[in-house]
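Labels run A, B, C and D following the written order; every chain starts at residue 1.
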Amino acid sequence: MKSSVKSIAVLTGGGDCPGLNAVIRAVTKTAISKYNLEVWGVEDGYLGLIENRMRRLSYNDASNILTVGGTILGSCNVANPFDYADPSQDDGPNTDVSDDCIKALKSRGVDALICIGGDGTMASAADFAKKGLTVMGVPKTIDNDIWGTDITFGFNTAVDTATKAIDKLHTTASSHHRVMIVEVMGRYAGWIALYSGAASGSDIILIPEIPYKLENICDSVLARSSRGRRFSIIVVAEGAKPDGGDMVIAKTLEDSPDPIRLGGIANVLSEQLSKATGLECRAVNLGHVQRGGTPTPFDRSLATCFGHLAVELLMQGTKNHLIVQREGRFKSAPLSEIAGKIKTIPTDHTLINAAKAVGTSFGI
Amino acid sequence: MKSSVKSIAVLTGGGDCPGLNAVIRAVTKTAISKYNLEVWGVEDGYLGLIENRMRRLSYNDASNILTVGGTILGSCNVANPFDYADPSQDDGPNTDVSDDCIKALKSRGVDALICIGGDGTMASAADFAKKGLTVMGVPKTIDNDIWGTDITFGFNTAVDTATKAIDKLHTTASSHHRVMIVEVMGRYAGWIALYSGAASGSDIILIPEIPYKLENICDSVLARSSRGRRFSIIVVAEGAKPDGGDMVIAKTLEDSPDPIRLGGIANVLSEQLSKATGLECRAVNLGHVQRGGTPTPFDRSLATCFGHLAVELLMQGTKNHLIVQREGRFKSAPLSEIAGKIKTIPTDHTLINAAKAVGTSFGI
Amino acid sequence: MKSSVKSIAVLTGGGDCPGLNAVIRAVTKTAISKYNLEVWGVEDGYLGLIENRMRRLSYNDASNILTVGGTILGSCNVANPFDYADPSQDDGPNTDVSDDCIKALKSRGVDALICIGGDGTMASAADFAKKGLTVMGVPKTIDNDIWGTDITFGFNTAVDTATKAIDKLHTTASSHHRVMIVEVMGRYAGWIALYSGAASGSDIILIPEIPYKLENICDSVLARSSRGRRFSIIVVAEGAKPDGGDMVIAKTLEDSPDPIRLGGIANVLSEQLSKATGLECRAVNLGHVQRGGTPTPFDRSLATCFGHLAVELLMQGTKNHLIVQREGRFKSAPLSEIAGKIKTIPTDHTLINAAKAVGTSFGI
Amino acid sequence: MKSSVKSIAVLTGGGDCPGLNAVIRAVTKTAISKYNLEVWGVEDGYLGLIENRMRRLSYNDASNILTVGGTILGSCNVANPFDYADPSQDDGPNTDVSDDCIKALKSRGVDALICIGGDGTMASAADFAKKGLTVMGVPKTIDNDIWGTDITFGFNTAVDTATKAIDKLHTTASSHHRVMIVEVMGRYAGWIALYSGAASGSDIILIPEIPYKLENICDSVLARSSRGRRFSIIVVAEGAKPDGGDMVIAKTLEDSPDPIRLGGIANVLSEQLSKATGLECRAVNLGHVQRGGTPTPFDRSLATCFGHLAVELLMQGTKNHLIVQREGRFKSAPLSEIAGKIKTIPTDHTLINAAKAVGTSFGI
């Protein structure tokens, strides 16, 4: 069944992620040169849809953006068309402005909306689909935790950035006989911590999937010290937590409304470890650097395939699906299947086993 | 069935490849710390086996090598134990010295040999297996053309290096309105050319799997020129060839016993294109730079998994297999299945389709 | 006058700095191959001198370390031989153990000590010189604030690391219309902030030499916003402070004994700016990453020259000097001249003027 | 004396060089925001002047180009307004079209021309000055061989690129016990070879300033081999030549009108060394990669200062000068002083001495 789509819109939602422009480029160029479609770029994610801000994208608009980080369309973390807090209505309740969004698209003759984003963006996309809008989702996450796809763009770049930063910290740690505690992104899943920790040969990796015991971390660090290795590198996902409770996180939350910006778990661990072992500890939070920059070649190719397939499948009649990669192949899956799930690391993951075998501790 | 292996040897054969040390590290650390095995490192690939040069590897020998390019064991491109040209016997025929190799291993009590290498290395490994030696293969190739595995370490780093070099050439090409022809590795398969070409947004990609027509390349370049894009980037695999014959390659072969070192296909194309279009053309051969350097984080993790599994499966009783990754999972496959096959790019590969859709020509 | 030096010792003191190994290599190789000297490596800076821990360095010990970050000798931030807090004497007063240090050197026949370090290290070196020990100093600082030399190794690498991190943050800032506040090292001088800020095209640069007014920062950010540039990048040296007082820093100091680890000034500014402008602000503290990693080619060559000249001048009879670069030339200057001074940025520095002319604000 | 300049034009001439856009940005922003000048961008160097192609540059045109390699204005290697080969007049003699160029500038009210380029560009700039046009030169060269300035932008980036490529080749050389001969740019001066060779710890560095003896190179390589170092890295400037004649180069010139594109000196040396020593040799020509890419932070700041000062000095009444950096300070010097001179490396350069002291051979 061939599609009757003549005009599409594309938006990028949620946090920054290397490769967004590569998807926009592939969507735009495929749509224009292969299918002669009209392409609209929605500005600042769903916020631009709500505020009716979109612009025509030409073939040339999609040139020279492949290697550029960020998104030429802008993004927005918070705007949800189905539960919108209108800033002009200070004290009013949130409202559903999704009909206005659909009207804005229809008034321009847009037949289908391609949403590039993470969980939140896909949840709204699925809601739009229920209202009859044709949507297609492209998964985006540096955290690699979107359920339904084995991998998506941004993750490889984030791991690359994190690993190279840890490589740098390694020399300082070894020169100064220090314990370095490096906090990387990953609130619910520890993919960045696992992959950057393994790739940098870190000594201890702490991830949300494997609650740690502080005494085990201390033991590992002291055992290294007693073997003459007077430094250790600990990579910790921001969402890692101790076995038996969220005490550490809770303790931080009391001090600050935003523990992440204060260095969060790494700072807490640094203090605890320093006290428990007497060793010199230093916390480093890699922060937003992980989200930015030129995508790796791996992510550029992946993003190009995702963007291309979003248009391709749409023109072949698929709708309300998410483009995914499973078992090494590109496919698509119903948006409704994905909603509300998180892809965490199975505790028997090959890389966890391999890391353990080469001497890495997971704090258990 | 548990293995009775008590002592293993490991060797690296064939051309240099980023990640070899990461495999050696994972093999050595897994063998020593998890299974308490004795580990022998064979020097310079099969040549060290032939010449009975190997050394004990300790846990510490495998430390601090994860990020280092090359191989601490040394390698050798040419020595084949089953067809050996003894340099001390100048005019004599090649001989089979495989029994000496097995004797050298047995004299040290080695129960199994882990061979890290490409086609040639695996062919000899399979031959050793036929003679009763327990072997385990770890596939190694920057070219990504080993049959039986979807991916192996080294390829990601080579694509990373090539893409970043092409990124640099892009600015010169556009500033000077030039056609830049960049030759990358890939004698039999165009994986590096495809992935670095797509990731760098190159205008034309030439691979062995898709014989090109010179007039189509000229047309693409001139069409860009007439659209106001007065530069083009062409990425060409060293093994790319024109439709209907090997004329170009043959012509080069007449001039030199080693066309690769002369810049090979890129130089030939540069002259042909310059003559046919009147445009300023420049050839660049990225050469050995693609083989060296620190492995990417992706390759470090992959190599760690491969090395770990080689020991792991050996200890679980598997033998004479190659460690592979298929459909996103690590497995193993009989060495005998792999021999003599090359994994080329299917012409309907997703990335080829995506590249075409965003305007890339493949010279057809 | 030729020197009678037959044996030298070398130590690295203070914080980690890319290029330390390049100096050690140049010192060791020059000493051994050109002058046939004995070379001793003191472990962990002055602490190794105090604890009489040093090892002979061979020519091969100095091989393959040129590109490695950190120091193969180890370092120590705190040990001062002239005012030593002996950890085995918990409550005792600090003592002068410099005679023991000199004895340790003499017992090995060491004629001269090469000290690679910053202010603190040089102060002790000058004190040793007063006691008759022949010393030679090599300036080391990522902060570029050592008085008496225009430049030294480590600074170029730190600027490189910081700039590339800010480049990455740029895409996120522009995609999300955010104000990004990036804290870089520089307690007393803003060299890293100035050079990384100018090189990354940052909008505002805050350095200790130019106390800022918060309202001017707000004005700059809002002015950009009103011109349609809805993001800004602010680079702030950790030692930057508001005009008319240290209030901001003091406020942070109340919360924590170590404001730097909490993100220090960047966090404070982020909160203040967010409150004052209503814009979304994010703080990032680049932290220890700036100290580590492979030195840039620039720093490797510079460090090689410094290390070479330390031995060279020593053998020509110079002593108790610091190797420096002034006005494009390598020279040396008496250690006594340097002591207790800091090289801050002149406020009419060419790069400050150039940055202002291209639109950068310094918060005044 | 203040300048009466109201409108300027800027052009980039000669080969590509990282930092050109940083100069254009600094010129444009300084001119517009500090002096309220009109700015014209001449396209494709002097060719655009000859063909009367220039466009107004706004403040925004100069935004977001600081980190981009190449030149947004385009460049041209060959057009000389004083000796122009008009392509539409095939067989006619070259003509002087400089009056037309001046007319094109005057017709737009341009008071002064800022020429960013190398020797050739500056020679024409000096010729224009003689005809009464107000010009200001900004030196540009990756080769660092412009007389009159200690350094200029582009060189640092080229050394960075070359060194990192040699770092990569190092692992292959050592794994395979090979001699790697790496050709870098530098026809008349060996700055890139010296700095990248020293920074990568190469074993032999060959530069035009120090004619080499082939037997000395062989001796060095074999001496290393006999000490158990079975590999060597040779960095050779494209303009290096043997002592006592240009034989090697001549031999290559017979085969090709453009020996550089064939790998030039590195290929010749590889064959000669292989024959003379029996060792496995490989030639790599880094080629155009050295000219491209994002400028290093060092070059971005330097280029910003140069561009800023070009406008600044012009507005202060200086004319027909070249902006230079000497002895660590920015200055300017009459264009007439510079013409026709090349800055080669003094053979007692500190880095040559330091490299020798750490064991590097210069083939003598």
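As a convention for this text, contacts are C-beta pairs under 8 Å (C-beta built on N, C-alpha and C of every residue); 3 or more make two chains touch, one makes a residue touch a chain.
Predicted model, so just to flag it, every value in this text is computed and none were measured.
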Chain labels contacting chain A and also chain C: none
Identity of the chain that, by mean CA position, is farthest from chain A: D
Chain B and chain C, separation of their C-alpha mean positions in angstrom: 42
Separation of mean Cα positions, chain B and chain A [Å, integer]: 31
Rounded Å distance between chain B and chain D, as computed from the means of their C-alpha atoms: 35
Where chain B touches two or more other chains, by residue: 167
In contact (per the touch rule at the top): chain pairs: A-B, A-C, B-D, C-D
Sites on chain C touched by chain A in the complex: 12, 15-16, 18, 20, 44, 68-71, 74-77, 161, 164-165, 167-172, 174-177, 180, 261-263, 267, 270, 282-289, 291-293
Chain A - residues contacting chain B, complex: 25-26, 29-30, 33-34, 66-67, 150, 156, 159-160, 163-164, 167, 195-196, 198-201, 296-298, 300-301, 304-305, 307-309, 311-312, 326-330, 350-351, 353-355, 357-359
